[in-house]
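I have a structure here, written as structure tokens, and I will follow up with some questions on it.
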């Protein structure tokens, strides 16, 4: 009996691409039940910034469990939560002069987006939100309305409303892209808001990823983000940065927007924030907006997970000094040097920032065959973007240089052989 | 510095009612950082059916952590997941002849409802869903549209659509209730579906709790549920039972609908399913409906949590034999005997089934003052229902008889003294 | 060449039932191009209360045309409009102590409903409106959302939103009807508005016909209407009476609600108001609501039609004294006496008030075959209600007794012969 | 007693700008009750293409009335309707090789748009429609969602959904306009339709005016319209041309799009079609789309007005030969020559095509003061566009050259004096 085929929902997806049963994992390595090891360039879709089963975190969690620390506590105050909040405030917020409040909700990215949308609508008294082409923000109905991909949208079964779609401002346009991105489209948008007969009003919020990881590793230009921020301010719209996949150190800074001159009203965090890959989600909200919440208006059984606070607090120690971020810069170099030659091939494009890279193969079938070769060779890598044509390289930040190079070699060879075959 | 007042979002709610910092917990007891102990009649809003930090589960999780078991794995197959699925199938589904498939999604109840709604709409090609007065189904936009409480609905900031509201069929009408519940309202509803000029069409699904726990511990009558099930079948609508708060043994059977002649198309589970109170959500879906999913249409980073599989698998052992369920029956008796005298007072009503009881005080201010007295006396109990006027008694199923009786005594005395004061 | 089959849209409907080409008409008689005469029991679906081509009106209109009177004038003041408004105020409003303002809009019933809905939403700041089972309010999107019939609703192509559907309070339940109408359903509704956890809020307005003419000649009981009016007042919802088909004298009083103790906030009029059957629509709006309009917010090219003002002003003379209304009472008697025996047959029901009667045949095919026999015999009568099973008798109020009796005889004989055949 | 201030709704608008009581009218002249005459450059907002009370039409209508011709007939066949349909087919459709069917609905422009939207959604199975910045399509909810002006939209009281807004492709950008119109925006739009991750799908229809008359006399370029038509064809979207205000000869051809290489699926007509300014609306629908209607799905009491058929049939005689259209070309010249010098002033722009001209004053207050001066001088002219800053010159096509020149002189002098005063 194979319980998965017999009893697991047909909706399972990644499990079809990597059809083994995983058992153990450590940093950038996963092991299946037959003992075969895989280098992990997927990292739980950006969850495992600090690797699988980080030793310090495991130790802290085991200690907590063995000491009888409270595990489930709704939104009650706990010592574990306090430690996490104090560390986050001191390590991340205070150095940046961010006065934001911390809001915990159901421990998923989509829930953090839902909460942000509610608050933005409350604060502004407006209904419509602007999201961007190729954006990905989750699966629950409010967040799904902001997600661009048609496959996901088609599953809604109802109209997805109160969201207007604008072109995302890619730094480098994707090959063959004609979506009219860039600064001009922002100017057009602002002009419509100023014109009372345009039929278009300023939104409650702009919901934006600085790098669209699911959307194909599309990196917004700083100039575009800064203009977007200025427009939000001009029209009284909130700027919400969905930093769920590319925050928490992924780009070489804690926030993906560090170094860009924007001032988000709300930052959505999840994935990496819990350290070990146990669920947690948290919004950073400017106090002047946060005060519009009434107590208990957006609840959830699992907001505030103590295991995630314990491990997440350990993770924050990576940001006490520059060691990890410097490593990220060095590994970014390694990734780019390894992959740049592939982008010399016609029809292939390399995009990315920090330790998230996208190798756009221009073709989903080709991308998939590379994935399959890699998997056979012991590398887990996945695809993103339209038709899954972009290979996404998003290893743990803590991956060893050896594993990183070994994984890249597998990927490069798989790509070269696929290209050679096609030629 | 108090980090909570300084930096936690104003939306915090329970933390305002129980303004201490919790530190440790064991079965039905929580301890704050000053060492004060509290008997827990709240149990994480129905999460902690098996108590805080159950020893067997803690041991299993610690073993898993120390053995390097994979923690985060998206929807990949893992050995931990296999064990859980096999145990669930063998222990729960097979004895009931349920062919349902298991779908994992983002690990929150609201997410399981969102997935169920999508599938029901897909299967039927219909948009509207029927939910019931006083129903509670979550906070994300699709589930929120099904939730009745106006406080939560007002936070949406947009219209909540595609949901029709029908009266819930309470076994015992709440005192003063004029909502027109009962079998007659189901007959009216069916008549409208049959009449092409009624302006009302059969829905994609009926989404129902057998006991509305958040809504005030309103228990549906078996006759009403059975008629509802028959109507769903007649009109090709899916019957979705939201068993998130009252499933997993709460009523003295695994499912709250065991013993009632209905055949749910989808059962939503969360809260208790993960054993220890770490997040997990799972829908049981009839295979003929499940096959309408396309792979990956409803995703989520945290679907399938291995820690929750490990602890949840331990929890299933409670259902290998009748010991715990027999205990539940005995403790139900204890609760009812303790509280029945209070319901002799004018304006007080006792409702419930199994180990979830509601003491309707008819007045939210009075209920709150009882809660405050209890908390001072070392008992955590909370309120539900309109204006929070119903005290909800939902202790761990595993609570010791001593703690149960001690807690009940605190509650009874607090109630009596409040009533005496008012007289 | 038949231009109709070649070039007229497939959507044509009545023209398929009465497949001749009409040429001339006078009071209750229409003549086709072959000279065949038809008694008219349809009267333009309630438009021709004063018959086809009333002599006084024709004379007044011809005089106006020949004198160079302005025909098209948007919403400008004209002498023709002034005369109409003054006569309407003096003849209809002042005797009833109604302070309502007169609003003209695009000259169709659906447009008057759209304007009423907008204003009710503006005044209350609420979105949802309550309309009733079997109600008919028009075809444009806002009014269509209030219309119950599924055939019309299905043509929308989009979700019809912001309307809740409640059971209509029939005086006499239709045979076989199980829609749960009556006073109890209003009590249930009010209870839900009072209960904050019901998931239902009071609406912006209740939109109601006192007699659902298209819906099957369903007559609301006075008690139900009066309770509805009281509920509207209690919850700050506007009471909108759609008197488009049964106002202007049809029931033996000018308004269909004369003699019933309700106080509508808005009354929608169209159809009969223009006298000759040229387009006009007008809302009567209480001044305290009307003042919420900003100038020009609801416009329309054809609001205020001077030909309709001229003929409509003539029509108001019928209400200077009791002559016509007394005739209506007498003819109502004639209709009821003629049709009552048919209602003795099993499965046939007679409903109605004043000169609108519905003979519910319980079966649309049977009703249609009676219509066809009548038409062959020189009587135009049509069907309404679910599946078109109700024969609707709605002749001009001014029909001669001879024509009325002749038409009734044709109808009775056609019905009897159809029943005999079926037996 | 002034009945208008006492009893007419506060919503009245034009009547406030021209606060007299009109009594008679002839061709391009209106006379108030004091005998003062006004030259009419407004023509009922484009209704009176053939002037007020055209003698031939008045005679035909009087003859019809005096002969007992049937006036009200729902959608029944009548001889008057047949004559109109035959003449329209022969005069307008056949010479253009248009196989379109003729659909009559409630006799207003907004109703014709509602019907067109329903059919487009039915044919394509899609919900969303694209309408354009500054577009005006009516006041009922479905059409209003397509209208851009915020004043009108704000009156809805509910969300306006299922419409996406794209920039209109002005031939000459308005002064100061930054709306990003033009061909590039169409290319961007098409690119989004091609990209499955854009979050944007092709619409059911593009609803477009070739000249936005209410929107400020914005003339679409032929190149833009042709590209739009090609995109509609590529993506299976219907092209709906709203020719309500600028069809029926206004531009010097019968249709405003004559001579432009587009092939509309549906053409909406109203206003001028009825000849004398009595209500009529008609859609031209390609047979392959029309067949998707089921009989009676979109009804309306006043579809098919016989007086309008009689007068409208007379109006079609103007298109039997080129006389009127040649006159239009000549008068267009006169208008342009008179107004061109004004456009030399900084901040003033002249736009238009055929006998609809817009003089954009860049400022609504200035435009209004010119209107007031003109009115005092005996010229009725109105404003359109954002904040009413564009003077719209839209006289009857049949205006005498003398009246045209006299009116233009008043307008020019009023403008010059206003400018002089400001300087």
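Think of it as A, B, C and D in the order they're written, each chain with its own count starting at 1.
By definition in this document, a residue touches a chain if its C-beta (ideal position, glycine included) is under 8 Å from a C-beta of that chain, and two chains touch if they have at least 3 such contacts.
Model, not experiment: these values are computed from the prediction.
Equivalent interface to C-D within the set A-B, B-C or A-D: A-B (over half of contact pairs identical by residue number).
Ranked by how far their CA centres sit from the centre of chain B, the chains are topped by D.
Chain centres here are Cα means. That of chain A falls 31 Å from that of chain B. Note: centroid distance chain B to chain D, computed from Cα atoms, is 58 Å.
Each chain gets one centre point, the mean of its Cα atoms, and the points for chain A and chain D are 50 Å apart.
For chain B, residues that reach two or more other chains under the stated contact definition are 127, 151, 158-159, 161-162. Listed in rising order, the residues of chain C touching chain B in the complex are 127, 131-135, 147-151, 153, 159, 161-162, 165, 167, 177-180, 184-185, 187-188, 190-192, 194-201, 215-216, 385-387. Contacts from chain A toward chain B in the complex involve residues 3-4, 6-16, 18-26, 30-31, 33, 44-45, 47-48, 52-53, 58, 61-62, 65-79, 82, 85-86, 89, 93, 101-111, 114-115, 117-118, 120-122, 127, 138-143, 145, 151-152, 154-159, 161-162, 204, 270-271, 276-279, 283, 285, 290-291, 293-302, 305, 307.
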